[in-house]
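Think of it as A, B, C, D and E in the order they're written, each chain with its own count starting at 1.
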Amino acid sequence: MLSPWLEHLVYSFAAIIAIVSAILVVTRRNPIYSALFLIVVFGAVSVIFMLLDAPFLGFMQLLVYAGAIMVLYLFVIMLINPREGDLPDEGGSVEKAFAAGVSLLLFSLLAFAISHSAEIERLSVAGGIPAMVEVPISHGGIAAFGLELFHNHLLVFELTSVLILVGIIGAVHLAMRRKSTQLTPEEAAEGSVTADV
Amino acid sequence: MELTISRAEILAILPAAILFLTGLMQLFVDLGKSSSDTRSEKTHLAMIGITGILLGFSALFIQGIGASAGVLYAGAMTDDLFGRMGAGVIMAAALFCTLMAGGYLASSGNNKAEFHSLVCFSAGAMVLLCQATNLVSIFVAIETLSLAVYVLAGYFKNHQSGSEGAFKYFVLGAFSSGFLLLGMAFIYGLSGGALALTDIASSNAQSDPLFAVGILMILIGFAFKIGAVPFHSWVPDVYQAAPALSVGWMAVAVKAASFFALCRFLLFVDGGQILTQILSAIAIVTMLLGNLAALNQQSLKRMMAYSGIAHSGYLLIPLVLATAGGGASVGASIPFYMFAYAATTLAAFGVISAISVATDRDDVNDLNGLARNRPLLAIGLTIALISLAGIPLTAGFIGKLMIFRDAVQGGYLLLALVGIIGSLISIYYYLRPVVAMWFKEPKDSFELIPASWGVQFSVVVCGFATIALGLFPGWLVDLSKQSVRAILG
Amino acid sequence: MFSLASILYLSALLFAVGTYGVLARRNILVVLMSLELMLNAVNIALVAFGRVHALDAASGEHGAQIFTLMVLAVAAAEAAIGLSLLLVIWRRWESIDLRKLCRLNG
Amino acid sequence: MDSNLLWIPLLPFLGFLINGLLGRKLGHKTVSTVACSLPIISFFISYAAWSRLVYGEDALHWDGFPWIWLEGVLEVPFALHFDGLSAVMCLVVTGVGSLIHLYSIGYMKGDPGYHRYFAYLNLFTTFMLLLVLGDNLLLMFIGWEGVGLCSYLLIGFWYEDDANCTAGKKAFIVNRIGDFAFLIGMFLCLQHFGSLDMSVLTEATIIDRVSAETLTFPWGVAGVVTTIAVLLFIGATGKSAQIPLYVWLPDAMAGPTPVSALIHAATMVTSGVYMCCRLMPLFEASSAAMGLIAAIGACTALLAALIAFSQNDIKKVLAYSTVSQLGYMFFAIGMGAFSAAFFHVVTHAFFKALLFLGSGSVIHAMHHEQDMRKMGGLKKQLPFTHFTFLIGTLAIAGVPPLAGFFSKDEILFSGYQQGFLDGDGSAQIFWFISFLTAGMTAFYMIRCMSMTFWGQSRVDEGLENKVHEPGGWIGFALFVLAIASALGGFLNVPEFLGGHTTLGHFTQLHQTPILTAEQSDALHAAEWQSMFLSLLIAGSGLVMGIYCYGKGRDFRESLTSSAAGQAFGRWSSRKFYVDEFYERFIVRPFETLSHLLFILFDRILIDGICVNGLALLTRGIGEVVRKMQTGLIPGYLLTFGCGALVLLYILLNFLREGGAQ
Amino acid sequence: MIPEIQSFNLPVLSLVVLTPLLCSLLLCFADRNNKALIRQIALMGSFLTLLFSLLMVGNFDSSIGTMQLEEQHNWIESLGISYHLGVDGISVLLVLLTCFTMPFVLLSTWSSITDRVKEFHIAILLLQTGMVGAFVALDLILFYLFYEAMLIPMYLIIGIWGGKERIYAALKFFIFTMVGSLFMFLAILYLYHHTGTFDLPVLLERLRTTNPLDSGQQFWLFLAFTISFAIKVPLFPLHTWLPDAHVQAPTAGSVVLAGVLLKMGTYGILRFAIPLFPEAAFDLQSTMCWLSIIGIVFGACMALVQNDIKKLIAYSSVSHLGFVVLACFIPNLESLTGAILQMVNHGLSTGMLFLMIGIIYERRHTRELADYGGICKVVPLFSIFFLIAVLSSIGLPGLNGFVGEFLLLYGVFNSVPLWGFLASSGVVLGALYMLNMVKKFLFGPIVHEQNRSISDLNTRELIYLIPFVVMMVWLGLYPAPFIKLVQPTLTLYVEMLQN
């Protein structure tokens, strides 16, 4: 158990890293870099999870995201292996500025809402410092987590399996190359689609 | 504490489960020859699908149609009439899609089990969505069905614009689910860590701004799914590019499931009058834009897409009333309208699929002389369009009647007026295919449009259902009212 | 000890950054990553809320965390679908430029 | 209650049905037999009915059946009434009518439309009798419009010629204008008398009540009775060819000559006069209306006579003389001498029919040549026709003791009386006008005679020897009518000539004033004076005519060649440009206006701008909305994001304000 | 005139309404190539309907003015919609007219409609169901159903079997009608919201007693109803769809359109717009009257300058129905009686005119007046019938046209002399354009050689023309029984409007 100020320090550190690398993710031209920085973000996030007494989730975060998803990404990047030329030229500063404006506004509105929320106020300083209630040591541990999962959220858990299955089927169907090369009628009619307009 | 599942819980998920199993079976059965003969009709898939769906459908009645099982799976889902209605719509849609799929896919050389099973899987997810009463289950159900539908939209993967449409759908979908999720997070946080709708409804933080934001975000998420303006951009492109049947499936099932879920959600949470205003604004814009943009479309599917947007607009009216405190009675039009919409839309897309197979296109002019060529299809499509236009003696009219009546009763004359104007505009574009079918002569190449037995059967049944619901809607109307009342228990 | 509000601000900020990525970038890959970013941002908020309500949550102690787990699963599945769609696009269009996909319009 | 009355109009109608439906199958013989026998039968029926009147019964009545029958609100029965007036009219119509039917057998021989012709003729008789017998204005109106229809059909009988159809159309429409006024008149009657029955409309007490009421127009106040009378009279001007609606009658001569004789001389055109006589009390109740009627009558008489001077078409001359004679009748009515007017109706029916039939036989003989300049000296070839025509001429000119003399004398006297005995200034003028007209009548009739029958022949050689006296029915009809117009006058010999004004009394139009001895002496003296004057004017007219068209040719030349003469000739021969006036200032503007309205208003404004314009606008908006769908994913995402932002902003803004409050 | 059959009580109205429907369903199963059979079935069906309608008149008690032969069954309770039929003096004649016209219309199409016979007959029978239903429906929604149900068949009839511009015309017809009816629909819903019922008698009662409308509401609702009906009539200036529709429609279409469909508008005004919102009707009386007077004159002027016979008659309909609308807004017995008679008369005369134009069109394939002239010589029989029709339509006394016109105009004149006067001028104009047409059409020299070889009426055509003539003469000379049918109802109606 870390001491509060250390916790705070670590948290701030992780947060800053998360934000900075997130910004880097969305600004790097080369997807590889973006991917790498995204991994950093995930790492930072998992640290924050840890700090929030969700160790199991933290591990899952690392496993699933950094371990599975990002590998998938990198794999795809390698597969299509876009050269410099293939990389799409990014939009001009205007639309970047516009996008930035939109996202900034979004943030500020959310922030506004958060800052004006009495509930958040209450929760943040509930019972004075420390704001966060003490939790049993088992909290966030795999045992408690699992028990609750299979009792309260059994249905969702089962449903997730379907979700994954659908994901697999879809991925297989889409990614698999067709042997038969004949085009479907709709493919043959490519021209008409735009002609409709 | 050991794991216990009550009978009610099993019965509750039975329909969905059966659908999932059906999907799996279709996969396994087809496993061997999936890649080989993609041009055969593969009736066995249809058979499995139909039996499965019918089984699932009958499973709805085990508890007794009106029964309400209360909270199941720790509040993850419930099993009430409302859910059953939704499940009914979805399964009916699934049934007809399965019926039509074989011939359609075969003739386009793409008949693989994936399509069938994905329909079943998404159907299962939708059924659960209609029954879901807890944020997590709602979210996961939505995502499951979305993923399935993304794939269905891009099913013809070698079809260039098909893949484009699918990808547009995917990106925007993911974006919207981001918002949906954020909203859920906020609501969870502000309602004192409640996930179940009942708990949320009973929580005391409903006046909090962040809570309202949360509801708004969730609304946006749903608005995307139902294609409400300004979150509609994906609809026309996806509809136009996707295989006709996938579109039919999307147009009916996705919309139905989303509306059922949204209705349930809105009846539980109280967003205050501002939410009502926002909703009505969305409704108005959606009705107008949908109808106006549909006016000059040449592609049937695209036209149907915009008309679908417009219909979402109409369907938002009861939700507006519901949030305005109209209570259960006003939402009643949603289940009925959904049934009506399902019947008409399926009939329409059945015909469109036949056309697009035959002519490689879905241009309005490709319908020329259909009345001579295939009177059955022509009549079916005509009935469907008339019903969509809300002309009497069809289900569509009764639906509009209920909606506008509620609007007037609730004092929302403006909404009703806009709706009327919208349906006035809509008449123009709904009539264009009719003109093509009946008034124009077929092109010199007078070959008979190949329509599989499945398509013909479905079109006839749906058309008949449309008329029947237009003439004797009473029972369904009562059922709808009862079902919405059942939500609040 | 850091407060709930600060974490929410953080997640809001990350969410905004993700949004920026989605809106501004043309590279499909990056857009997909930005989407993941948004989901993560929300996860943080969720977990934080869960932490706050750990004892009084109506949906049980770990409701939020389980939700987050589900989100992870969803993210994974989404990534799978998204990437395979990306492959399809790449095959048909020889490009990963978002703006090239504009044949459908009107 | 006497349902036999129904047969009087019904029989000709049967004739119409038979000939109309089966005419083509039946031969000419059967057609003509049917067509002529039925009117003759109804002539005898009316004769029988008439005799019943003579032996005491004051009127026969058939209650008929409910027609336009709103229980207790508006009850118009289909009932017939047969009193003295209608009796005489019936006899005239059926009598003269039958004669003309017979005449037509000869005249229309070999015409392709033989059966059609007779069918129309019978139909006309039916409607005319309905008009005469109708017990209420509305029933009369059936006949009124029905005869109009028949004249329309018969004028356009030879429809291959465009002019004929135009003439027919003109007749109908001009009549319609009159009928429009008639209709309004009936409305007023209904409104104020509460009924259209003749008995009610002529009931003195009711008239007194109504004449107290007034109507306010934008231009002032008028008595109800006056308005009604004027409106009905306008209707009459249409039917009876008075100013300003007389223009159709001359054109109506396009029809077969017997038709002109029957419809446009003897019967239909006098129905206006008949109507006025029928409603005598009503008209008498309004002096203003009477004045108007007198003025119109006199003016019409003069104008028509002036035009008649220079017409070369024999039928046109007769037509205008008809107009002028009708003018006389209305003049008489205006002067309150209804009996005189009706008397003139009868006599005029005789001699004008005679004249027309005579001209008809001339035309027939001349193989449908109507231009008098191509005639002359026909006396030799057509002695009999000439003789009868002469009788007619003298009769109309008012030579004693022929029919015209008595009637015209009475009319002139009525004017004389009101003008000089009662000292009414305007009456004096009108009397003078009609007095002159009498002379003119004599003059132009003589002109017509001489141009046709006397002097040397101008007939072109081809015809010269072909011309021969038409015999058979034509002759018979001429003969009978000649007798009638010779002796017809004795129906109504005034007291001072030792008569009893039989007709006047029988028709109850003439009420003998109760006078002291010296008053009656003065009256008789006046009557002698007036008679003397009229004889004088008629004689001078005759002499002038005979002189101008006999010896004094050069005198005539000098007259016509003089500037005034030429000017008069031009105006008179062009009918004082009345038709042109109507054409240019009423008909043509109306049509152009309609065209303009159609193009500008209907097509362009309403249909173009309002209807299709709106549709286009909507589609335009649709197009714009459609174009907003660019197809660019970033665009979609931005729409999404901005939409979300806006909604979020609205929400928070609202909440903030809500929080502020 | 009809044998009194009081003894057994059939659901007569339902029979009248449903017979054509069932018949059309029967046709659905007929072999599309066996045209003769199809035609005969349809004809039988329509004659059967005529029979039932006569039965209806037989059971109709003309001594009382209230709703009769009522039938009421629950239909969609949950929406408060009931299957409620009934006739009174206002509707009985119109139902009769509809059922009378139909068989002869069908008969007239035997030679003109040879393509897609099956569809045609189905459509036209459905159309009849719609028309009759609309006349007898006493439930607002039920009325609306029938009112709209007429739309689709008519649309198809114009669009499939019509002339060159048929698609445009059909669309125009459809959209125009929809514009009106949708707003009426909204108004109906508002009425329901206000009174809680769709049932007309109940509605009237409640409006009068428990929950009356304030003047503002009345105004808007009245407007919504009246516009919808005015479009159907069509009332100036909403008339521009009519000429197109008439010209493009096949004969049968035109006949039904002119003969019956247009009456729907005037009937609606009489049955719904005015009784439901009397005050608004009173406030807008002068507006409506002036509009209809303008329509009378305007339509006549338009008719004067048309070269296409059908267009000409279309505009004449605008003029004639102007009279009717005018009378509808004059609440006295004469004018209303006149209005109803005039609806019937117009149906007969104009219907017959269209039938005859159809006949000549079949032979000559042109509707341009310029292409005719002098055909009176070639087709005497035709000319006679045509002339009769024309005369009846210009209101020659002794034929049907006059009776209605006289009552109507007198009624108007009686309450507002100026309007009566102006309207009566339409009579003159009517003669003007009609006789012009007749002259150009029938008379004059034959200029086109093709016209010499036109064949005259054949037996079948005579069979379906003669009844019209008979009715014209009957209504012209002995209209009393018909007037008796409508009088009691109208008396009540007027009383109701007075207070």
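Just so it is clear, a residue touches a chain if its C-beta (ideal position, glycine included) is under 8 Å from a C-beta of that chain, and two chains touch if they have at least 3 such contacts.
Here the structure is a predicted model, which means the values were calculated and not measured.
**Q** Just to be sure I understand: going only through chains that touch, what's the smallest number of steps from chain B to chain D?
**A** Graph distance in the chain contact network comes out at 1.
**Q** What chains do chain B and chain C have as common neighbours?
**A** In this structure, the chains that contact chain C and also chain B are A, D.
**Q** Of all the chains, which has the CA centre nearest the overall CA centre?
**A** E
**Q** Please name the chain that ends up farthest from chain D once chain centres are defined by their CA atoms averaged.
**A** The most distant chain relative to chain D turns out to be A.
**Q** Select, from A-D and B-E, the pair of chains that is joined by more C-beta pairs in contact.
**A** By the number of C-beta pairs in contact, the winner is B-E.
**Q** With centres defined as the mean C-alpha position, give me the chain A-chain E separation in Å.
**A** One centre to the other, that is 70 Å.
**Q** Using mean CA coordinates as chain centres, what's the gap between chain C and chain E in Å?
**A** Roughly 66 Å, centre to centre.
**Q** So, what's the distance in Å between the C-alpha centres of chain E and chain D?
**A** Roughly 37 Å separates the two chain centres.
**Q** Taking the mean of the C-alpha atoms as each chain's centre, how many Å separate chain A from chain B?
**A** Distance between chain centres: 29 Å.
**Q** By the touch rule stated above, which residues of chain C touch at least two different other chains?
**A** In chain C, the residues touching two or more other chains are 15, 18-19, 22-23, 26, 32, 48, 50, 52, 59-60, 63, 66, 70, 73-74, 77-78, 81, 85-86, 88, 98-99, 101, 103-106.
**Q** Which residues belonging to chain D are in contact with no fewer than two other chains?
**A** Correct list: 615, 626, 629, 631, 633-634, 637-638, 641-642, 644, 648, 652, 655, 659.
**Q** When you check chain A against every other chain, which residues touch at least two of them?
**A** Chain A, residues with two or more chain partners: 91, 95, 98-99, 102-103, 106, 110, 113-114, 116, 120, 123, 151-153, 156, 160, 163, 166-167, 170, 174, 193-194, 196-197.
**Q** Looking at the whole structure, which two-chain pairs count as touching?
**A** A-B, A-C, A-D, B-C, B-D, B-E, C-D, D-E
**Q** With touch defined as at the start, can you tell me which chain A residues reach chain C in the complex?
**A** It comes out as residues 4, 7-8, 11-12, 15, 18-19, 22-23, 25-26, 28-29, 31, 34-35, 38, 41-42, 45, 48-49, 52-54, 56-57, 60-61, 64-65, 68-69, 72-73, 76-77, 79-80, 82, 86-91, 95-96, 98-100, 102-104, 106-107, 110-111, 114-115, 120-121, 123-125, 129-133, 135, 139-140, 144-145, 148-149, 151-153, 156, 160, 163-164, 166-168, 170-171, 174-175, 193-194, 196-197.
**Q** Can you list the residues on chain B that touch chain D in the complex?
**A** 167-168, 171-172, 175-176, 179, 209, 212-213, 216-217, 220, 224, 229-231, 233-234, 236-237, 274-275, 277-278, 289, 292-297, 425, 428
**Q** What residues on chain C touch chain B, complex-wise?
**A** Per the touch definition, chain C meets chain B at residues 11, 15, 18-19, 22, 28, 31-32, 35, 38-39, 41-42, 45-46, 48-50, 52-53, 56-60, 63-64, 66-67, 70-71, 73-74, 77-78, 81-82, 85-86, 88-89, 92-93, 98, 101, 103-106.
**Q** So in the complex, which bits of chain E are touching chain D?
**A** 172, 175-176, 237, 240-241, 298, 301-302, 304-305, 333-334, 337, 374, 376-377, 380, 384, 391, 396-398, 403, 406-407, 409-410, 413-414, 417, 420-421, 424-425, 427-428, 431-432, 435-436, 439, 442-446, 477-480, 483-484, 487
**Q** How about chain B: which of its residues touch chain A in the complex?
**A** 1, 3, 5, 13, 20, 27, 35, 38, 72-74, 76-77, 107-110, 112, 114, 117-118, 121-122, 124-125, 128, 134, 136-137, 140-141, 143-144, 147-148, 150-151, 154-162, 189-190, 205, 208-211, 213, 240-241, 243, 297-299, 302, 356-357, 360-361, 363
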